[in-house]
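Here chain A shows up in two complexes: once beside chain B, once beside chain C.
Now for the complex of A and B:
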């Protein structure tokens, strides 16, 4: 018995050590980024490196903002991601509602065709979409970034799965009360889907927020750049301004981290929903 | 106050309707028939379906179509210019297409840089996916241990990198692993290992990419695996304990088989994700040194938007998608034995 207790203690110690080391590994790069963002370049490049934040954040930010209009990129990213998320939520929930709650011709066929595209890597679409947008004269527009993945296969799948659980009787009684089909969707189906919508919103928002290759190809002028595209310009420059890059990286990461800390539950359910567990 | 005939009539009507409703629900529960209202369903799906057709379904076929063509040189009026900061790109009108049949496919067979990119991606994949899944599984098991306290805090900290923007975190790693002034080399020098050429040596450059991708996605996979672990019925462990199973036995004979579908899912997801690697090598190594970290998607990007070989790049894309699909099918076959 004593032998077993000793073993358990060793096991506990190992587990704690492992978890703590991993927590450190995950947090150190983020901490280091913030420290670097708050130091003047000259101090940052000192050996040994400084381990505590300095006070030069706003100076570095000013320099960054003077070189590239980073705030505008933040604004662009927010506009694109928000409009995309709202539009996609609407499209996916409407279509998901139809697939869950109505009978119609070719229902299965249409649904499985849409699902089949889930396996296609989105990079497949960059070349044809670029040509399509070029022909329509939509390059360098937000519309070209927002529209293509608004019809999101993951979204329609999730919404259909969840909308199936709405009791038919509820919809039927609304129908008896003379509600139109759209009112039934808007007033009854949508409000019951609040948590699923939140999870899907996070999946969609993160997807758009992280999109890099496609906006890199579509957006031409710096005033239209999203955060990832703007950041990529910084590292390609002849002389690398570490302090400014770190300010930009902090500004790109911190809002999402705050969002993550506040909406953790939704993030986790979003990740799990995205994993299409059945 | 007396009830008028009208209100009585109304009451009767409501009663009748309630009865009818109950009948309808009962029938509905039996057959689960969904209403078939002409036009309504199509009205609901059409906005989605139109966008889907134009921007998802059509491009898939367009890629296939383009893969049989080649540009006849850049000449005639340029359609647009792209300014990428570092270089300019000119996109010619796409009327300059020449049908080359399987020419693009024949070309890629002898394109050594393409196969180099396949080899690089495979190398990264073969090391990164098992490493990350192993780490994620170990973390999930640790966080699932009953004695562990502060679970919420630990889980949050480990999953935090998921929320980091892909290019932002890549730039952070670019500087962390910088040879002269990176934090990692400072630490290594401090403990006497000496500095390592993280970005300029082919071997270490690949490992830097592997480290970056693993950092970003380990927590994400841990969350999925943790949910899988929590779904394993506790009785199975209790039964195993009664049979005298030790920690390893319980892991080997209860956890692994029970977790198999989730593990398989996570492996497939990560494999596809690593196959699609683009931003990390683009930002951290730029594909170098001497193309030893260039990935498939990065090479396709280069062919399409730097060399303006959109036809050839489309053929590469078709091959790339085929490889990814074959990999996924093999994994499903292997993992789905039981």
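Now for the complex of A and C:
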């Protein structure tokens, strides 16, 4: 018994050490990014590195805004990511619901075809998509950024898996109560899926927020740039504006953190609890 | 659709589930007429087609062949919401994100033009009727099984449908609550006088609740009738075996002249050999309560287990290699391993065709005699 306890203690110690190391691996670069954003360029590269924030944040921000109109890019990114997330949530949950709860011809084949598109990397799609958008006259528009991944295969897959957990009896009960199929979807299925939708919202928002190569190709004028595209302008052939990049990067993660805090309330487990007596 | 005029007529109903490789027939050639206000119980083992039948009546399953009419209206191709039916599901299927009040009122909100005040009033009166008024603000997960059950009932009642459909609504409750709810449901159904189709696999529930009982097996309706008729006069061996608890004792016997010879030296001299003319084997059925324990008899069995129930004793015995059960007076309590003599009246004897299983002789052939023997006992 004591031997077992000792083993447990050792195991716990190792586990926590591992977790702590991983946390540091994640957090130290973030911390360094924030510190670096407050240092003038001259102190940024000195050795040993400065570990505490300096006072040059607003100076750096002013320089950044002067060079690339950063605030405009933030606005663009927010518009694109929000519209994309809402649209994609709707499409993915509708598709997921259909794949999970309806029977139709070639259902499995269609589903696996959608899933198979996941193996195509964005790099492969950029050129054909650009040509398509150019033909439709949509280059340098937000629409061209939002639409191609609106029906997101990961989102459809995720929603299908989660929608499968909704008991059929619940939907049938609504059908008996006189709900139309669309009412069943948005009044019964969607509310029970709140935590999945919140998780998917973060995935989708993050996907769009980080998208770089495709917007770089599609967006032509600086007033349309998203944050990643705008940030790329700071890396010139002659000089890399590390201080400004760090300021922009520090600010760019704020909406993500905000989104997470807002949605975290929705991650309540057991939303379906109590609907069925097992 | 008008309420309170609804008998249900099911004609030649057939339901086939088709998948890629095979077709499974769930219900075949079902013909049944349910009277207005009647409480009909569909009973049978799992997979017998009883739930499928109910779901066809509800409109949750498409019918492969045949028709279903409510009163004069053919509802075969109508959506569930247009049939004026309400259903109580086995697992209640309450909407988890809605309060009890919203759960009960949901159907009214969607399918009627009532104002929200009118809906509230209806919901409250139903809640009062079911004794769940104080739960109206709670979410389903805060409720006990019995309370959830009541909410599910309330959801059905509030819509004042012309037909109630219930799919094993009591099977998730514990034994005590189940028998309480059984009575309550019957009273409720009588008060509301709404045609009700009730599905269960529990024959006790079927016998206790149904005005009539429909026994199904393998997708085919075996027999419909009042519970007593089904018990006394089953059409075949399956119905005799399925209805009654403990089950009827069944074994095969050879016929030699007028003598039945069964396992373990069982023999019985038939007074009337008409039912077994021209056959040399028969399936014999004797209800456990029809055995009496006697001394000095040619038929004897070895007691393996005695279950004292208080008001009666169940004797589990072996007759040759065959297990049989007797239901006897609590005063009779043989030792395990003891051999006891068994006797029964010929009027209590069931005989079935060994091949088709059809009844050759049942108890009802001699109701009067049987009743008088019961009185004498």
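What we mean here is this: the second predicted complex is superposed on the first by the 207 of 278 C-alpha atoms of A that agree within 3 Å, B and C clash if a C-alpha of one lies under 4 Å from a C-alpha of the other, contacts with A are read in each partner's own complex, and residues count from 1 in each chain.
In this section, a residue touches a chain if its C-beta (ideal position, glycine included) is under 8 Å from a C-beta of that chain, and two chains touch if they have at least 3 such contacts.
This one's a predicted model, so the numbers in the text were calculated from it and none came from an experiment.
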Which of chain B and chain C A:169 touches, first, second, both or neither: both
Touching partner for A:192 - first (chain B), second (chain C), both, neither: second
Chain A: partner with more touched residues, chain B or chain C: B
Contacts of A:177 with chain B and chain C, given as first, second, both or neither: second
Which superposed partner A:71 touches (first chain B, second chain C, both, neither): neither
Contacts of A:131 with chain B and chain C, given as first, second, both or neither: first
Which of chain B and chain C A:98 touches, first, second, both or neither: first
Chain A residues contacted in one complex by chain B, in the other by chain C: 169, 172-173, 175-176, 271-272, 275-277
Residue ranges of chain A touching chain C (in the complex, touch as defined): 167, 169-170, 172-179, 183, 188, 191-192, 194, 270-278
Complex contact set, residues of chain A against chain B: 11-12, 15-16, 18-19, 22-23, 25-30, 32-33, 36, 44-45, 47-49, 90-92, 94-95, 97-99, 101-104, 107, 110, 113-114, 117, 119-132, 134-135, 139, 147-151, 153, 156, 168-169, 172-173, 175-176, 181, 185, 206, 209-210, 212-213, 216-217, 220-222, 227-229, 231-237, 242, 245-246, 248-249, 252-253, 256-257, 259-261, 264, 267-268, 271-272, 275-277
Chain A-facing residues of chain C, complex: 58, 60, 79-81, 85-87, 89-97, 106-107, 110-111, 139-143, 145, 148-149, 155, 159, 172
Complex contacts: residues of chain B adjacent to chain A: 17, 21, 24-25, 28, 32-37, 40-45, 47-49, 51-52, 54-60, 62-63, 66, 79-86, 91, 94, 135, 138-139, 142-143, 145, 147-148, 154, 156-169, 171-176, 181, 183, 186, 190, 215, 219-220, 223-224, 227, 247, 262, 265-266, 269, 272, 275-276, 278-279, 282-283, 297, 300-301, 304-305, 310, 313-314, 317, 320-321, 324-325, 328
